[in-house]
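Structures follow.
Across the two complexes that follow, chain A remains constant while its partner is chain B and subsequently chain C.
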Partner chain A sequence: MAGALVQSIHRDPALFYWILFPISIVMVLTGVLRHYATVLLQTAPKKQGLPALREQRSLLRGINLRSNSSAVSSTAFAARRHYLVSAYKDGTFLKDPDNRGKPAGNPMTDPAAMEGMMGMMKGNMAMMIPQTLIMGWINAFFAGFVIMKLPFPLTIRFKSMLQSGVATRDLDVRWVSSLSWYFLNLFGLQSVFIFILGNDNAANQMAQQMSQMNPGAGAGLFQPGQDPDKMFQSEAENLEVVEHEYILKGVEDRLLASIE
Partner chain B sequence: MPTERELAISPIVQESVQHNTQVISNIRSLTASLFGVASGILGLESYAGFLFYLLGTFFVSVLIWSILAKGKQGDYFQGAWSELWAGDVLNGGMSFVLTWTLFYGLVRA
Partner chain C sequence: MSLSSLLRRSNLEALSLSQQTAQHLQKHASTGTSTIPIPLLSYPESTDIWLTYERLFLSCLRTGDDRAAFNCLEKLISRFGATNERVMGLRGLYQEAVAKDDATLERVLQEYEEVLAEDAVNTPVAKRRIALLQSLSRTTEAIDALTELLESSPTDIEAWTELAELYLSHNLFPQAVFCLEEVLLVAPNAWNIHAHLGEVLYISAMNGNENSEGKILAEATRRFCRSVELCDDYLRGYYGLKLTSDRLLSILPDDIKSTAQVTTVDNGELPMLSTAVVRRLSEQATLKLAEIIRTNNNSCDLAEITAAKDLLDRSTQRRQR
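Presenting the complex of A and B:
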């Protein structure tokens, strides 16, 4: 038919009120619900004992000293570096100094690690359950007829997915059933959620899946199964090779240059 | 790119950089939905619609560049030029397709 004949289907306008709008509203409300469910399911981080906290903070201190080294004078930096490096090498900050050199225990037996995995499970469940439910709901109620026409053409390959349950071979792919409206909502509602819930919302599963692909930024410093002693040793090495330059060196020349 | 020493003298605050990209993405998601509404009402189809979106995005980028950044992009964005001119265009595109389809269906089809 190649464009010569434009297919048109007369549909009941009530299709819009009883299918399009309910699906959109349900999608938005599910996003809001998912956001608050994620907020509620988040368990506050458990309080850690003094030695564990000291272990983490002292490693962070070394990293901070390394990245902000130019803010202190050379003598001050040398003194700090000397203290930290020797303490790292002696293992002063270790949570249990007796375990030095032993291989780390199985992360499955560590209760703290189990807690983290449970949190991840909960997040996944909060994504999976509504998705399955809504797909099932749409398939059960709204399958088997086309409801709208897309404003852009698609290749024939999408036909089986977007016109599922519509058994007409020659129908243009641009006519789609309600399931594709669901998919459009799934991908396109992120901007709506930004305005309803703010920027760091947990409403959109697509955005969450993207962020799960590259974890790291928010992840804890101490992954379960890592040997803190080894981290201390490598941090000591990093500190030792820092080339220190004081930021106020030559500041008077820079000041004069900026005035001229 | 600034050298390490220049960065130490005039450091870049990460929060401000994040805020700037956040502003861009907010503007993008709002305008993308509105462009979708507009092109749906206009009844644009296939390439015309996407071209409309790209032109509109470019127009918004010019506005961001001239009004928000006052023509000095380097003061607000460290990285490539695309952070201002193409940031979040794909995410906005999804919202655009959504509202485009909805309003095309409501008005035309």
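Presenting the complex of A and C:
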């Protein structure tokens, strides 16, 4: 019986033209604006000095040696290990050897770290401010409107997603409220932005949130506040315990077995 | 890295790329020129476009179309600014290409040095300077500059490979081997580097003293084995395998057995290859080479195919005699 009964609400078609369209258009435009605002606010990543680069790459070299040690013969490996371990322990590669042993400074006082945080703040602001404004705008003008009906049935779980701002228990889930339409737009406009702005746009906030999950995945090994000397020491220990195996050992038999 | 991979392209490919340049420039005439890009009216900007420009630029330079190359370069400069590191490197490349005599090249070199004095981290320009030193045949200076570069960035495999080539040209084999091993430590599955290391070892065995020749040749053989293990039907690998194993057969006494394995494994050195294994390797390499030559469908370099044929002919002649 419940299936046969179709709820129908007589809506003014003006609702459609004066709420649904404005919200969608405003959302797209904000996305575009946000993209350009982020581009303008971006500061070029600060260039690292030569010592910092050396510090990073040298540590990376140790890691490479550890993980790919099988590629070289054991004599070559032993020589490299000896060199790297003693250099790591002496702190040869450190950016500023004078600071060895001192506790790492507060990241708040480090100007480089501050700059990074400012960049993140700017990105966040470019996202937060328009979101707050539009949310306020919709709440002030369109709160409580039911603006459209989805052409397919949904389960009751979607009620909170599609009917926020309309507190009725018996309304069919297929009806969408204006506030929910805003949320749907907020998360669902990704492909529209790709179409308008190209692939790597800053309009979409989902992508931004993703990048905040793991900041600096490729940016560098050193996070601000971490003591590079400690990292060198632990890498030296790691290197010392590596068990070396040469990949060329028995390669001729492997090869013959595979091609004969 | 993109630069070096591009240079490996065949001449034909480069030519066809550079012939597309005018077309491409026309098609994307509007990209990046207006200060405020209007969405939907212009092409959405993507990194691909600029990578294409870079590729076009390089292939134009290769095919001698300097004017088109200059157009591409201008596009890149107007987009990224003349102070962008990569663009600076490309600009230097252009200047080197159009330079008529050594005096002009010296001037370019001086420019590079000025840039580097201001900003020592500018890797593209540092690499251009090294390449220029090489083309001015001041290899020792180039080696010095390269070691300095590698001192500050020891994971740069492009630089390590280049340094290996330079050492090789000076017949400094242990140094070249060291450099190639560094490359392998970063990219352990690079079969071409494995084969190349085998080649270097082979050359050094030919030029070294008699005592260690067998040992180095065995190592070279194993390198080639690894290379073809990683990449089936790798012509260079099999060529080297054939070459080294034949050579090894000619100097090895007939009765080396694999019993030596137990005694020598302890100090980390690999045991000498047994004669039977070397003979089988050589046979397999001969078979494979013949097969590759027969089924060659223009995927390999013609010169390499010819060289392989030549090697097979020589070895059959020797056997008949």
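Methods note: the second predicted complex is superposed on the first by the 173 of 260 C-alpha atoms of A that agree within 3 Å, B and C clash if a C-alpha of one lies under 4 Å from a C-alpha of the other, contacts with A are read in each partner's own complex, and residues count from 1 in each chain.
As a working rule, a residue touches a chain if its C-beta (ideal position, glycine included) is under 8 Å from a C-beta of that chain, and two chains touch if they have at least 3 such contacts.
Since the model is a prediction, treat every value here as computed from it, not as a measurement.
Now for A:Leu150: first (chain B), second (chain C), both, or neither, which partner does it touch?
first
A:Gly49 in the overlay: touching chain B, chain C, both, or neither? Say first, second, both or neither.
In the superposed model, A:Gly49 contacts chain C only, not chain B.
Could you say whether A:Leu255 touches chain B, chain C, both of them, or neither, answering first, second, both or neither?
Once the two structures are laid over each other on A, A:Leu255 reaches chain C alone.
Quick one: is A:Ser70 in contact with chain B, with chain C, with both, or with neither? Answer first, second, both or neither.
both
With both complexes superposed on chain A, which partner does A:Leu133 reach: first (chain B), second (chain C), both or neither?
Once the two structures are laid over each other on A, A:Leu133 reaches no partner at all.
On the A-aligned overlay, A:Ser191 touches which partner chain: chain B = first, chain C = second, or both, or neither?
In the superposed model, A:Ser191 contacts chain B only, not chain C.
Quick one: classify A:Ser58 as touching chain B (first), chain C (second), both or neither.
second
What is the contact status of A:Met125 with respect to chain B (first) and chain C (second): first, second, both, or neither?
neither
Determine, under the contact definition given at the top, whether A:Ile247 touches first (chain B), second (chain C), both, or neither.
Both chain B and chain C are touched by A:Ile247.
Could you figure out whether chain B or chain C reaches more residues of chain A?
Comparing touch counts on chain A for chain B and chain C gives C.
Please write out, lowest number first, the residues of chain A touched by both chain B and chain C across the two complexes.
Touching chain B in the first complex and chain C in the second, residues 70, 195, 199, 247, 254 of chain A appear in both lists.
Would you mind writing out the residues of chain A in touch with chain C in their complex?
Contacts found on chain A: 32, 47-50, 53-54, 57-58, 60-61, 64-65, 68-76, 78, 80, 195-200, 244, 246-249, 251-256, 258-260.
Going by the contact rule set out above, which residues of chain B touch chain A in the complex?
5, 8-9, 22, 25-26, 28-30, 32-33, 39-40, 44-46, 49-50, 91-92, 94-102, 104-106, 108-109
Per the contact definition, I'd like the list of chain A residues that touch chain B in the complex.
16, 20, 24, 70, 147-153, 181, 184-185, 187-192, 194-195, 199, 245, 247, 254
Quick one: which bits of chain C touch chain A in the complex? Just the residue numbers, please.
That would be residues 39-40, 44-47, 119-121, 151-156, 178, 181, 184-186, 188, 219, 221-223, 225-226, 228-229, 268-270, 273, 277, 280-281, 284, 288 of chain C.
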